[in-house]
Amino acid sequence: MSTPSLGALDDGRPGPVAVRAVVVANRPAGAYHHLVLAVDDRTAAARPGQFAAVAVGADPDQPTPTLLRRAFSLHRATPAGPDGPTLELVVAPRGTGSTWVTRRRPGDRLDLVAPLGRPFPAPPPSTPVVLVGGGYGSAPLGWWARELRAAGHAVTVVAGAADASRLFGVDDARALADRVLVTTDDGSAGTRGRVTAVLPELLTPGTWVYACGPMAMLRAVTEVSAAHGARAWCAVEESMACGVGVCMTCVLPVRWDDGVTRMTRTCVEGPTLDGAALRWDAIGAGPGGGSAVPADCLGAPRPGGGPR
Amino acid sequence: MSTPSLGALDDGRPGPVAVRAVVVANRPAGAYHHLVLAVDDRTAAARPGQFAAVAVGADPDQPTPTLLRRAFSLHRATPAGPDGPTLELVVAPRGTGSTWVTRRRPGDRLDLVAPLGRPFPAPPPSTPVVLVGGGYGSAPLGWWARELRAAGHAVTVVAGAADASRLFGVDDARALADRVLVTTDDGSAGTRGRVTAVLPELLTPGTWVYACGPMAMLRAVTEVSAAHGARAWCAVEESMACGVGVCMTCVLPVRWDDGVTRMTRTCVEGPTLDGAALRWDAIGAGPGGGSAVPADCLGAPRPGGGPR
Amino acid sequence: MSTLSTFGSATFDPAAFDPGTSVAGLALANPVLTASGCAAAGRELGRLIDVAALGAVVTKTIMRDARSGRPTPRMAETPSGMLNSIGLQGPGIDAFLATDLPWLRRAGATTIVSVAGGDPEEFAELAGRLAGEPGVGAIEVNISCPNVANRGLVFACDPSSASAVVSAVTEAVGGRVPVLAKLSPDVTDIVAIAGAVLDAGADGLSMINTTLGMVIDVTRMRPLLAGLTGGLSGPAIRPIAVRCVWQVHAAMRAGILRPAPIVGIGGVATGRDAAELVLAGACAVQVGTATFHDPGTPARVATDLAAVLAGLGFARFADAVGHAHTVLARETEPNR
Amino acid sequence: MSTLSTFGSATFDPAAFDPGTSVAGLALANPVLTASGCAAAGRELGRLIDVAALGAVVTKTIMRDARSGRPTPRMAETPSGMLNSIGLQGPGIDAFLATDLPWLRRAGATTIVSVAGGDPEEFAELAGRLAGEPGVGAIEVNISCPNVANRGLVFACDPSSASAVVSAVTEAVGGRVPVLAKLSPDVTDIVAIAGAVLDAGADGLSMINTTLGMVIDVTRMRPLLAGLTGGLSGPAIRPIAVRCVWQVHAAMRAGILRPAPIVGIGGVATGRDAAELVLAGACAVQVGTATFHDPGTPARVATDLAAVLAGLGFARFADAVGHAHTVLARETEPNR
């Protein structure tokens, strides 16, 4: 892993605050809901790539019966907009919790902890950048594109999804990036196929790629990037119990700079991780469909050996 | 107990239906909230004295995290009003669940099972009737007064509470009953004192008294009624897990017509019970402040005897 | 994913799904039953749902004599659950036979009668009388009720006491109806208790009864329940129930225990919840506390469970029983 | 009501409430601690709250060697709770001493270090090394982690294994710091296990660790957790924790067990929840899973617990410990 090891302790980036947000707007956006939340200054100091953890399923004045929060990438943080400091989320109704979030009405309060995780790492000056989003994974990319362009990078956005209704932020991206490509599995918008169908033509050696989307997409983007000498950063989505680095549920096997693979917390060392450092050989290969522990991982069970 | 024994199986009264009600109105009424709920015909066929069990603490579209429903007397059922069939409740925000109910907004859905329990028993023709309500206990009394007067009874209502803000339905009662007396503990409205301060003057032998309110009030009303040859019916409020007669949590010791005391389900044999049949010697005398099991109760543990 | 491929969900028609099951020879129209103590003896629920359409009604536990139960408060709500300390209130066997059983028979309900006693003799006497009665489909031996004054009477906490009760019962029943032993999760080794009751002749296992809990009434500064402790039930304990069913079914597959039907109980409120117990090894499922939330729950769970299992590609309920063990075994096959 | 009258809440000033407590000689500024595995080694929480203001930080369990923990998924949400099967992931004792302990010392945190091993020797080695380190306030011996491949290694499920570990640890520690034994609720008789570890020299008890549970992933038709079973924690299990603390504290009052401090753990999310454990007999309380919901929970619980107890009329935290037993004893006094 090419980033410093103790993400939970990074200085110089906005740290989490527990805040009672108020829903300013909740608009359907294709298959998703786009929420605008009024927050405070500290929360709105968030950076692209960070996420929020939302308490779900209860009145915000009551202890929540759903113990664990739900994580959502920040679509955008606006420290001083017409509604005061705001955060925006793009939420796909999936199970109970995310569906609950998509049903909030303006005026409802939402209990959230934000910003969490590391921001996207900044590319070296004048590196060309490609941002790849799968489905709601495109949510943070417009914001990041704007910042990258302001910093002088050439920015291309690739937005892919199963179908047109599951694309997000394409219009936004058109306004904020130099170039935008769209792919859909069913061809209902843009090029028919996966994001990797259009990616190779965009990559030159040294390009930095940022990818947000399902694990299979992240893996494919990493492989295609490597094949073209580009560097891929993957924003992963692991099940998280705490979001702040204390519980060890959200781990993935990652090879660190010292060459050692560790089961690494994606909530604080991530969510954006170096694609080349992710142990794709173990990810998805675990007994329950999650990550196996690679045999060479720090502290891995020794085959046949000693009490574990 | 002077009522038939298997309340759960009574015929000829409206039985419970699970219904998704819609909040039509929610108005503060002193210390309480008065809710009007749009229901269906079967639910609105309820009779005075019955209650509703409301699922709390969750979106009605989700399995409720608060497992048990909350019971509320029906303030009124209107099979055909301007809003269609409606039920009305009067709710005091007490703990989590009742507070949640008082916060519902028009348009919100409420998952309820109603009507539950036995209606108030009808008095013999031309019996004079006194209705006594303590706090929100007055909720069902206006409705019952109207029905009793329509059936030719002379109806007096006594509404008591700790203070004026905790009185309910006094104006309503004035319109519906022959006479209305008000008492408050602090004298902020009506006569200073308890309902029993004004009750004796209203009682003649043969009067039927219906009392709804805290247990201490029910007991006092029963004693005063007995002393004046009147018959007291008490609507009790015991903790209820099921409300439909299957769990045995809601019991009180009651002497039945056969002279035998049984731990008796107040959800189906009640909630209105013959005050003279309630074993006041055991009620409140239990180890946890609830009801003890009287030694002569059917199946009571034999002192020192056999395995229980 | 390989485990799913053998069951392409498109190839099966939910309407063609066969929900029938049997518990130690007792045929059930569907696998969803009421749980003892959560449906009385069926009559009250009969006002709300068709009890004949349930897999079976499991009655509130019956004892020899009438029993008042405990003082109140008898219940405390807890996060996603509740404590109860009813204390086996009931009218006694004579009243049950005179009133409740005839009603259940008339209603056409498949009936499993739960019994308890203070000693093995009382259990045996009750079981013996019931086994000869028409309309009694099976007997569930409640050796695990935590609401007894003497915790030593929770026979299911000790293999030899559990065995003594079950032996006495199976002898008295003499094979006339199946005997299910209801186990407590409050033991160090539930497989050992299951083994003891199976060795003693139980035809099947019902698992789990409530787990012992307590709530302190902070305002009164004493236990909230008059009976101090109570049995914890509801969705909160579902993971414990699934684990117990899994462990015992695994021990049967491994040959450590004699194979026998397991009736899964604990925290079931939806068809998916029931499916967890079934995939873990239960050939029938009881719905208890969730009935208090909605009296229609047992009927709804039956419909939803069929839909869930048909959606997973099962044509017959029986094929789903314990299937998670099969999936797991395939994963670890050497030539996978 | 008589029980309340001795404590007219009007007569006490919450600000004058003394929250101090001590656990087997370790003085704590307040009775609310983090729970092992729910606060790592304090550093991450230190970004959010002042760890020096906590009663103590209880570290994630440390083992001799670095340990990867289990494959993922490692957690499953359950009604009002969760399952975890982290599998004691950690860097090993050397890294802990090099990095984490110095940080805790610098931060001014009162620190209790949790340790585990594959055998009594590993436990003893770890405890022996830690006892000599400045900044280690006490050692919590985790003999109850359900996330070990071999269930036989849950030492707390067997009195003699539990005793062997605790004897080895107390000998190695030699009285330099207090030793707390952390117990599992998954036993038939927790009083017997408590007795065994107290006899083996434990200075106090931490109760409870998680209870073993399982969730089946219905879609995949296999256990959701890679490790199959996991430990159930959170509000769902609070009634079990209160019951365990109650039983063990009652046994101490009855003279069946030697009196010793009990640290209550399980499902605490509010000051009232903590008060339940305290009134049941806990002289300190740990907050685990609720920290995941809100990292500020341990600090908030401390404030709220003080308010609750002051509101009940207690002037000092110490007076509230086990007070529900006193209330109950008064009720049953013959001349009541």
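Each chain gets a letter, A, B, C and D, in the order it is written, and its residues are counted from 1.
In the analysis below, contacts are C-beta pairs under 8 Å (C-beta built on N, C-alpha and C of every residue); 3 or more make two chains touch, one makes a residue touch a chain.
Since this is a predicted model, take the numbers as computed values, not measurements.
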item: Topological distance between chain A and chain D, in contact steps; value: 1
item: Greatest separation from chain B - chain, by CA centre; value: A
item: Whole-Å gap separating chain C and chain D, where each centre is the average of the chain's CA atoms; value: 33
item: Chain centre separation (chain A, chain B; CA means) in Å; value: 54
item: Centre-of-Cα separation between chain C and chain A, whole angstrom; value: 44
item: For chain C, residues that touch 2 or more chains besides their own; value: 79-81, 220, 222-223, 234-235, 331
item: Overlap residues in chain A, where contacts from two or more other chains coincide; value: 65-66, 287
item: Contact footprint of chain B on chain C as seen in their complex; value: 37-40, 43-45, 47-48, 60, 65-75, 77, 79-82, 84, 86, 89-92, 118-119, 148-150, 153, 217, 220, 222-226, 234-235, 269-270, 289-296
item: Residue ranges of chain D touching chain C (in the complex, touch as defined); value: 3-4, 76, 78-81, 83, 157-158, 186-189, 211-216, 218-223, 228-230, 232, 234-240, 242-243, 246, 267, 272, 275-276, 279-280, 308, 312, 323-324, 327-328, 331
item: Sites on chain B touched by chain C in the complex; value: 6, 8-9, 15-16, 18, 55, 63-69, 113, 238-239, 241-249, 251-252, 262-263, 268, 286-293, 297-301, 306-308
